[in-house]
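One chain, chain A, links the two complexes that follow: it is found with chain B in the first and with chain C in the second.
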Partner chain A sequence: MQEKNRGLALFTLLVFVFLLGPLVIISFTSFEPGTVLKFPPEGFSWRWYENIFEVKMFMKTFGTSMFVSLVGNLLALLLGVPAAYALSRFQFKGKGLLNAVFISPVLIPGIVMGFAMLKYVIITYNLPIYAGLLIGHTVIMLPFIIRVVASSLSNFDFAIEEASLSLGAGKVETFFKVVLPNIRSGIIAAILIAFLESFNNVDISVFMTGPGVSTLPIQMLTYVENNFDPTIAALSVLLMIITAILMFIIERMMGLSYFTKRS
Partner chain B sequence: MKNKGIYLLLLPGVLFLTLFLVIPIVMTIASTFYQEGSFTIQGYFTFLTDPYNLKILWTTLRVSLVTTIACILLGFPAAYYISKLGPRKKGILLALAIFPLLTSSVVRSFSWMIILGKKGLLNSSLLSFGLIEKPLEILYTPTAMMIGLIHLFLPLIIITLVGVMENIDPDLLKAAESLGASKFTAFRQVILPLSMPGLIIGSILVFVGSLTAYTTPALLGGKQGVISTFLYQNAITLNDWHMASVIATIMIVITFVVIGLMNKIATKLNPKG
Partner chain C sequence: MALLTLENVSVAYDNQYILKDFNVNIEKGQLISLLGPSGCGKTTTLRLIAGFLEAKDGRFLFDGKDYTRVPVNKRNFGFVFQSYALFPHMSVYDNVAFGLRLRKVSETEVKSRVEQILDVVSLGGFEKRFPKELSGGQRQRVAIARALVIQPDLLLFDEPLSNLDANLRINMRVEIRRIQQELGITTVYVSHDQEECFSISDQVAIMNKGVIEQLDDPAKIFKYPKTEFIARFIGFNNFITFGERTEQDGESELRVGGHRFSATHNPGTANASAKKCAMRPDDLIVTTESQDLEANRLPGTVKISTFLGRSYQYVVETDLGDFTVNQEMETPYKSGQTVHLLFPKDKMVLVD
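Our next item is the complex of A and B:
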């Protein structure tokens, strides 16, 4: 048993070296003083971190990404929270079909969604790219909001809601004063998970670029195609730090079991 | 009256998705059957008879299949090990697996460009150890794509399997062994069948994810196209929207066939669940 466990432990260690090694390497190379990415780096310098702030397109697309992910998040909350509430609280006709509609953005390939939206939303309605990005990102965030909020509602005791109603509070008042505070951490986790999903999105955003309009991941893709200096490595480190912080908050809010449950 | 209220809560979301997702997808599929005002399936005929396109389709399937098998072979033992750990260690390892999953795919693919490039870490190490004479050409090949995709999807199968395996009662394994089953037999007869639902869901996620991934093939695959980069190329670079719609429809069909097929296998293996 010991023997076998040791072999298995070593195997698992190697799997994690494979998973995390590249991210460690990218972090080291970001401090390279020279102009070419190298591992190990030949010295230590912050110059490529400074360079991030000097490349105007990075700053601009970061702003676009933040705007789209935050405003889209708000829209997805407004659409998703009532839906999640209805889906987990009531039994009604057509529930299966509606569930399928709400889950569809996860099932349809992202690249297909991006193309279809470009063709039949942006071009058909002659919308500005910005509006298209906002709509597209709201669509991809919606299933995550619904799933996380619904799973949080499944732990909520609806008897408390009944009590509030029977004591004379209105339905809306009860929702905001009783239900919402009880699923607060679930809502925060939903916001953060959806934010990461949107902020990192490539498949949809790649179809929605225009003169001067693009998101940060798309700008990074374009940059990598033409440059191989350590700027992207430095930017990657900053993004990983943000990711780690958000993940830490998600863990505090609802644990990590959300990620291991899939069905 | 009560029902009306429920549908009112659902209406905004449903309307939004119908308008901006369902209708565009249906229109995209429908558009492939019409060209210049008349019904046609010429687009599919053109796509499926061109050897270049078939090669792209074949590469996509081959890369996805290898990626899925590799993820199972690497992920299953690791997940089994993690599921047996105490809550603290398990939590840490799960967090370490989830972190890359939440990290931008651009960052993760880019890290492999540093490693696999002509002057990358792998080549410079192999050269300095004298194991190779000249740099290996890995970056911008299907092999690079596979490595990038395995890296992308391995955490997904690990955490899915851990989620299923941690619910397996350890007493079952002890019971099997006390009844005379060897360790291997006990594993094969107890752990493997009980992990099957997780394995199937995980495999669907990895296989479908690999089939439709865009960033990793775009960065690591070079000129070697897969179906998703081919869709982008047709839509944006070549401006052939009819062909792009045909490819989009083929991708949807493949995705749903794979999911349906796997679900069928799942119910067959586990008729009670």
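Our next item is the complex of A and C:
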């Protein structure tokens, strides 16, 4: 018993080392004063953090990423909340299929999704780059919105909705006054999770970007191809911090179990 | 004229009828219960009246108006749910005020009406609490207050007490009856608990397979069930299927397998189509005293004898089948003993 526990502890430790080790190393190297990525760093400097803000493309693509993630988020909410509601509330034919279709962007490799969308949506309809990016990111976020919102609706007693109707409220009024306030934390978590997914996405975005328009992760890839300085390490640390803060908020809102729970 | 009428109403899911050509009339001011086993259509009937379900065919008349297509939120009926269905994000006050605010009642009037109705359900002082801070009984009283405060034209209860413990259930049903009578509000009450229905209702409708088998006042149903289903449902578990029946002098003579029984005609129940006679285990008598084999007597053997505490329960085997009898005795009969069963003629109820 004791032996087994020790083995398990070692295994867990290794998993953590492999998961977190690279992040720790990146964090250290971001403070390197020299011009080449090095571990361990030879000193301490904020130099490359300052450099992030001097690279114009980073600033520009950060703006694009924010725009795409936020507006796409809004679109995904408008589509996803009603879909999640319908999937939780009603029994109908083809419900399982519909569920699978909505979740499929998570299951299909991003490269495949991205390529398919490029070929059959963007090129076929000759869409401008921004429109393509927005559609792509809405599709990335939709399954997360649907899953998380449906998950918070699974604890929702729909008798409450009927109570509201019987007291004289219309259907729309009932949704806004009774349903929405009770799944608010689920919706906020959905927004944050979807935002992270979209903001960090590379595999689908790479097909949607074009001349002069790129997202931050794509720009980071491009940068690494041509530069070896620790700017990327510094930027990665900033992104990690933002992610950690958002995750903390999500955890506070409804617990991380919403990532693992099957809807 | 009845306040509420369901006229040849049908409800079906996937071509399976839950209710078919269903009819009922409910008088103003009454509390009527729909009682029956699960799947009998009682909740469906209630939800149809509330407007949560739409009838496939038929009409729903309320106060002389056709309500068949009137949506839920225009009906002004109060509904009390099994799960209470309070709004978890609102205080007791806001829960109760919800319906009033939708009716654009001024805040001063909302305040006085909410306070008044909370007094009626004995929850004065709980305004600021949230549903999760209340016990089951308190939640249910908030739910009742919320349904009452809008001064509904009809009050509907769907198994309101089934989530409460036994003692609270009894208190709450007394409370519900008191409030209903105090406000004189017409009420439809659904439950699968007989005692609950019989104790609070003016009228009980016993439902089976989408049909009301009997609609009567509780005492009458309890004494004189009309059908075998109802008889079994309320504890008659001895039946004699008779071959022929002749009527005379307010009595029926029943013949079966060489035996004769006479049964008193009970008020308004002797059905011409009756095929069976039902008896409660408490009403039969087991005896060893030998007398001439006359009507309403049946020889038999004690098969099983069980001690129940206050009484003994015997299963007596006869040539008309087994009969169950509960009887208080000092020295009980033993298994295998030869006995006679006596059937008091006023306790033999003819049923369909």
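We take it that the second predicted complex is superposed on the first by the 260 of 263 C-alpha atoms of A that agree within 3 Å, B and C clash if a C-alpha of one lies under 4 Å from a C-alpha of the other, contacts with A are read in each partner's own complex, and residues count from 1 in each chain.
Just so it is clear, contacts are C-beta pairs under 8 Å (C-beta built on N, C-alpha and C of every residue); 3 or more make two chains touch, one makes a residue touch a chain.
Note that this is a predicted model, so its numbers are computed, not measured.
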{"item": "Chain A as common anchor, with chain B and chain C clashing or fitting", "value": "fit"}
{"item": "First (chain B), second (chain C), both or neither touched by A:105", "value": "first"}
{"item": "Touching partner for A:178 - first (chain B), second (chain C), both, neither", "value": "second"}
{"item": "First (chain B), second (chain C), both or neither touched by A:118", "value": "first"}
{"item": "Which of chain B and chain C A:8 touches, first, second, both or neither", "value": "first"}
{"item": "Of chain C and chain B, partner touching more chain A residues", "value": "B"}
{"item": "Which of chain B and chain C A:82 touches, first, second, both or neither", "value": "first"}
{"item": "Partner chain in contact with A:169 - chain B first, chain C second, else both or neither", "value": "second"}
{"item": "First, second, both or neither for A:56, with chain B first and chain C second", "value": "neither"}
{"item": "Overlay on chain A, chain C to chain B nearest C-alpha distance, Å", "value": "9"}
{"item": "Residues of chain A that touch chain C when the two form their complex", "value": "157, 159-160, 162-170, 173, 178, 181-182"}
{"item": "Chain A residues within the chain B interface of the complex", "value": "1, 4-5, 8-9, 11-12, 15-16, 18-20, 22-23, 25-26, 29, 37, 39, 78-80, 82-83, 85-87, 90, 92, 98, 101-102, 104-105, 107-113, 115-121, 135-136, 138-139, 142, 146, 171, 196, 199-200, 202-203, 206-207, 217, 220-221, 224, 232-233, 236, 239-240, 243-244, 246-247, 251, 256-257, 259-263"}
{"item": "Chain B to chain A touching residues, read off their complex", "value": "3, 5-7, 9-10, 12-14, 16-18, 20-25, 27-28, 74-75, 77-78, 80-82, 91, 93-108, 110-115, 121, 151, 154-155, 158-160, 162-163, 166, 183, 197, 201-202, 205, 208, 211-212, 214-215, 218-219, 228, 231-232, 235-236, 241, 244-245, 248, 251-252, 255-256, 259"}
{"item": "Chain A-facing residues of chain C, complex", "value": "50-52, 72-79, 81-83, 85-89, 98-99, 102-103, 143, 146-147, 150"}
